[in-house]
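Please go over the structures that come below.
Next come two complexes built around subunit A: one with subunit B, the other with subunit C.
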Partner chain A sequence: MNNSVAKEKIVSLRKKRSLEDMRFKYYGFTAMCLSLAVLVFLLYTIFSKGYTAFQKTIVLLEVDYNQDVLKLTPDSSDEEMEKGKFFRVKKQAIENFFPNLSKSDIKLVKKLFSINADNEIKDYFLDNPEVINTKQQIWVTAHSDVDQLLKGNSRRDVSEDRRKLNDIQLSYVDQLVEENRVKQVFNNFFFTKADSRHPEIAGVAGSFMGSLFTLFTVFILSFPIAIGASVYLEEFAPKNRITELIEVNISNLAAVPSIVFGLLGLGVLLNVFGLPRSTPLVGGSVLALMTLPTIIIACRASLKAVPPSIKEGALAVGATKTQAVFHHVVPLALPGTLTGTIIGLAQALGETAPLIMIGMIAFIPNIPTGLTEPSAALPVQIYLWVESAERGFQEKSAAAIMVILIFLFMMNAIAVFLRNRFERKW
Partner chain B sequence: MSNSKILANSVDVYYGSKQALFGISMDIKEKEVTALIGPSGCGKSTFLRCINRMNDLIEICKVSGSIKVDNEEIISDKTDVVSLRSKIGMVFQKPNPFPKSIFDNVAYGPTIHGLVDSKNDLEEIVHSSLKKAGLFDEVKDRLNEPGTSLSGGQQQRLCIARAIAVNPEIILMDEPCSALDPIATAIIEELIDELRLNYTIIIVTHSMQQAARVSQKTCFFHLGELIETGETNKIFTNPDNTKTQDYITGRFG
Partner chain C sequence: MFFWSLVLIAVGIFSSFIYGRSRIKLNSKKQGTKSKSLPTYYAQYVLMWCLFPALIVYFSWAIFQEQIIQNIVISNFEFIEGAVYNEGLLLAEIRNVANNPSFADGKSIEIINAASHYSSLRQISQISFYTSIIIIMLLGALYASQKLKPEFHAQHTIERYIQYILIFCSSVAIFTTIGIVFSLIFESLRFFAEVSIFEFLFSTEWYPFIPIREGQTAAEGSFGAVPIFAGTFLVMVVAMCVAVPLGLLTAIYLAEYASQRVRKTVKPLLEILAGIPTIVYGFFAFVSVAPFVKAFGQSIGIDASPTSALAAGMVMGVMIIPFISSLSDDVINSVPQSLREASLGIGANKAETIKKVILPAALPGIVGAFLLAISRAIGETMIVVVAAGTAPNLTGNPFENVTTVTVQIVVALIGDQEFDNPRTLSAFALGLVLFVITLFLNIIALQIVKRYRERYE
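Right after this comes the complex of A and B.
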């Protein structure tokens, strides 16, 4: 082949090769756009469905704290005040606002208010006992059905039997709206209350705390064990068949479906050891088992990444093996290990199946204060709410998803920060 | 002249089934610089790492034969490797300061061996070690900066200071200048010349000029065998063995 022919061939092939380049760039760009679009769509759906959950509807009532109705006196002790008949002043306030109601109508109107309204009237009184025998304008929480109607989440133009509120109730709601006695405010209940049968007073505080306690348990159990196991395997274990077998099985363990760990928790932790059901202690232990391989793999990778020359340097000045490992190798591997741990914890945070197996799916209406108290967890809470028929829970589940996503986002941000801040380049 | 410090007798080293050293016998005198030269893969680093049992780190490495340091056998399961290594310092091919401050780098050895009781003592050891390594004047104002922030030559001298700090009798140097520029190399070579007054030094080097400049004795290795050993002057001017002759005149290697 002479020179000019070779040149021609190179030129013609060169065109094809640069076309290939272009095509590949285009494919990659399309793939990226596609995944971005899906992500944006997902976030948009969640946000558009969920943002209304951060608002609640409240109704203005004129409450007469009459001492005879309350069966209290201005001198009543705190304990007596606790037992005041606040439901009666609420009923009276409703009757005053809608005069001439029949008994059945009163029942219907009462359903426009949250079950929590009595408590709100009571709390206001307990905070300001001097209001006895006066009339006060008090905003109380509306029932979820009213809330959903005013947020436009439930339709009023369908036949009565397909609505939560019947025609009479609708007319009363309209009357309240007309007189400007209804407004939407920030829904503090969503962040301060635990789960409830009533959507308007259901919140994520209980499951959030449950998740925190669970993650705490996971961290306390898995982090030291994982570091111990990785340091042993990486630095001390003899390289033989048994070690190899263990190494392979750690990777296998990472691939075990999480529900299997749940079954293990149910069978061993609950039934054999008799640990308390539905608690963060058990949930955390199960998730710790699940997280362990992830952390071990991350920790071993970071231990491997520490250059052997550092260890040799320490050994050469007469450090024992343990000193060389714990003074020099482990501290250098720690940032990578922590990053892996946080990613493992993030996985654990989103895990639902094993928690269902050990009973963290129970309905827990109060906020847990310890590791051994029954509690829910965020992902299970979402599952519970998505399952609920009540329309009010739909926006709650979307909002809870937002909470868990923000939680995850923050954990990952910490991991990235740690990695950038402390990771060394060799 | 002086007494023998290290006495090796038919040392064999195997990596798995491959034999790397064949019956090495050697007599290393006190307070002298002995250079180990030879082409790559001839086993000179392997031999060096036998002396402070660094080969223990390599699991497939098996050492047999006898090496006596101060008449004490060190190729034995009973050898206390940790105290052996505090007696025999080592400087590696690539400077490997700990990713800690300059001060902590030097202080690490004395601290783990419990050589010091007070902070002042420690400071004194660190300062004197840095002075002996000829680094003190350059770093005295920044002892708290990380050791890795120093230049390559300074890092290597820091590693020498780190080795000196535990008060060894022997210093092993595994191609200490191969990663350094000529100026840093010259400084280290000068330093080696000074250190020879107090320490027995064994240096592995690829540079024959370096061996000629710094050493009193030279040992020539080839394919795992010790071909010739003798006064540096003699080896470089009038070697007995033709292989040595060929190597130092650049005919192979």
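Right after this comes the complex of A and C.
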């Protein structure tokens, strides 16, 4: 009897213990799932907020290229055509479409069209100069407020003073929609234009090029320096205090907050050396210094992975140490170092704070063409758009995030490809 | 200028190499002896002497040209008695006129004169730049070609030079640290010359607005950074409250329970979380989490601000999860297998083994990981810039709006940067505090982790 009580106790204790074991396991499982759920939710948020930015709203206008209104003749030179009065043509087209408008209403209706509409009417004309004195059906870009309304991003059921479009404008938009004069097409501006104050014509081309130039600078500076440093530390450095100092330095530098590197760029590169502000050259230099420790650590790992027998073989047949290292060890480690560099570049691509410090936050409405021209960068562009009060910029920022994530994904894919393709198992 | 000078240098590299190679072959033929090293080494020798002096000239020119020209232009400027000039604005104006003659309309005659002076100086500088580069390259090649004799050990010399280059590459890290420390300390000293260090560290009022122009009536600024430090601390605590349980439990699950397949899929996914740029987290915090926190606060009767410490901290915690989980995973994996087996062998189940054996054994390493994570959280910028506030607020309530050190650095440096103004300089003082604290945390953490590793190796 005593025996069975003890047995029962043991069984219940064991049950309790194994229950505890189960519970602990599920805590871990839940934690893991929660972390992954946040990742999914994050990506979902970006996609759901951003996919609409890849479309823009365009409106069909019947434009009368009357030569008197344009103040042009059929034999006008190209230069004269550039200066044609296209805004008057647009105004006339609007008036023709909505007859009997009062002056104040014309102003309201004009605000339904993008500021770029004049240019589109003009470009169409410059491409086809023979349309002078004819009527043409032209699709022009709608204003961001109309765009947001039709995409359902801004609501129409709130009171008038909290809306961008008032009741009169809404009725005109509805009229346009009813007559099938509005449609949504692929937003080419998003990929071909630089930043703008007007959301409907703002794009990522400028900041994308800026990021490319910046990354180019980072690569040019950090790759050779990182290889040199890691070859020295791994193969040549004597074991002394200076070497130890360098190693401690590198590992501490890897953990310095990025914003401090921005202060370094501002205090030294801009103020002491007087390099040009807001340029990919300075941004790239700062990011190169920042990613250098990461790349050095990766390069050293791949140098370490080359078996010593390779070097010893070279030394045995009479190569000097420099020859053994540079002719045999470094080429074998090169894929690994490239992989590490690409991962470092991916880190540099997403870095925002140092670039803000050195002035890459300035509003740059054109696409940069060189390293020493003021330019934006993708992450800073996202920051500018997130901070912007204009509703149309929110979807742009999410779409720009998609662009940067795809860019990052491709860089990592290249790194993985390099590793799988060229990495040798010894 | 940039492109053509590169072309020039490339031509120099190519021709000096060819020259060195053919020259040594010729010389050894003339003397009838074999050269001590392969011809390539002599060619490399000429190349290095041609390239490196030219590069030094190139970079110093690129760095100092603009400054020197500006100084000359300013010192020759015909200042009008009594007028007040701002040197920076004046220079910008002169440069604009010089680059764009159409801006000259309506500018005063002194500026137009200075602009033409500026452009003529630039021209002189360009011409002398190219000539000096060419001369330096020729001189270098000339010097090197004197040594091109068969009995000269070119290979030894080259290998010594390569050593120097490698040492230079490794010392870039040291130069960077020196640069950081000097720029932070130098500008901070200028800041502390105007604001007392005790006010900065212990006063609770941060009001960094100072009359920029003389005669402007604005309140005297005050620079007490305590609310900023408190805000940073609050956000960091919230972040750690999210990241520590999730990260540590994930690491335990992955290291001890998960099958090989789960590990193989989950680890890269967590790496994605680690690789997402912080501005993306900022966007997420701003668009999704902050409204949620505000709504949640309202539902339990707390008036939450639209940008709260809680929203920023939670998202920052998510950002740190992979950091903690991968570091803890390493640490847990390096606990010797024998400890696990001993514990399981005397009848403990897995949870008991983990809680009573593995975690205590791994504790120092895990603490090190936490310290590194804290230093990460303190230095993180973009999430808080977007999702926490900019107004200092001394509070312990996470639903309120707080500001952090990094936010204040960004705020102080966006827009006009006047380096004679404590408002701009305060960024460097805050940066110095940030640098010292993160460095301190890192050194401790690395020490702990190192000592822990040594114990089990």
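Keep this in mind: the second predicted complex is superposed on the first by the 394 of 426 C-alpha atoms of A that agree within 3 Å, B and C clash if a C-alpha of one lies under 4 Å from a C-alpha of the other, contacts with A are read in each partner's own complex, and residues count from 1 in each chain.
Convention: a contact is a pair of C-beta atoms (placed from the backbone, for glycine too) under 8 Å apart; a residue touches a chain by one contact, two chains touch by 3 or more.
Bear in mind the structure is a predicted one, so any value in this text is a computation, not a measurement.
Once chain A of one complex is fitted onto chain A of the other, the partner contacts of A:T320 extend to both subunit B and subunit C.
Touch criterion not met for A:S154: it reaches neither subunit B nor subunit C. By the document's definition of touching, neither partner reaches A:S144: not subunit B, not subunit C. In the superposed model, A:I310 makes contact with subunit B only, not with subunit C. Between subunit B and subunit C, the partner in contact with more residues of subunit A is C. Within the superposed three-chain model, A:S211 lies out of touch with both subunit B and subunit C [touch as defined at top]. Subunit A residues in contact with subunit B (one complex) as well as with subunit C (other complex) are 320. The touching residues of subunit C, counted against subunit A in their complex, run 2, 63-64, 66-67, 155, 158-159, 162-163, 165-174, 176-177, 179-180, 182-184, 186-187, 245-250, 252-254, 256-258, 266, 269-270, 272-273, 275-284, 286-288, 318, 321-322, 325, 349-352, 354-355, 372, 375-376, 378-382, 385-386, 406, 409-410, 413-414, 417, 419, 427-428, 431, 434-435, 438-439, 442-443, 446. By the touch criterion stated above, subunit B contacts subunit A in their complex at residues 52, 54, 57, 59, 82-83, 85-86, 89-90, 92, 94, 96-99, 108-109, 112-113, 159, 162-163, 165-166. Contact residues on subunit A toward subunit C in their complex (touch as defined above): 17-18, 20-21, 23-25, 27-32, 34-36, 38-39, 41-42, 45-46, 49, 224-229, 231-233, 236-237, 245-246, 249-253, 255-261, 263-264, 266-268, 271-275, 289, 292-293, 296, 320-322, 326, 346-347, 349-353, 356-357, 361, 370-372, 379, 382-383, 386-387, 394, 397-398, 401, 404-405, 408, 412. Per the touch definition, subunit A reaches subunit B in the complex via residues 238-239, 307-310, 312-320, 323, 327-328, 332, 424.
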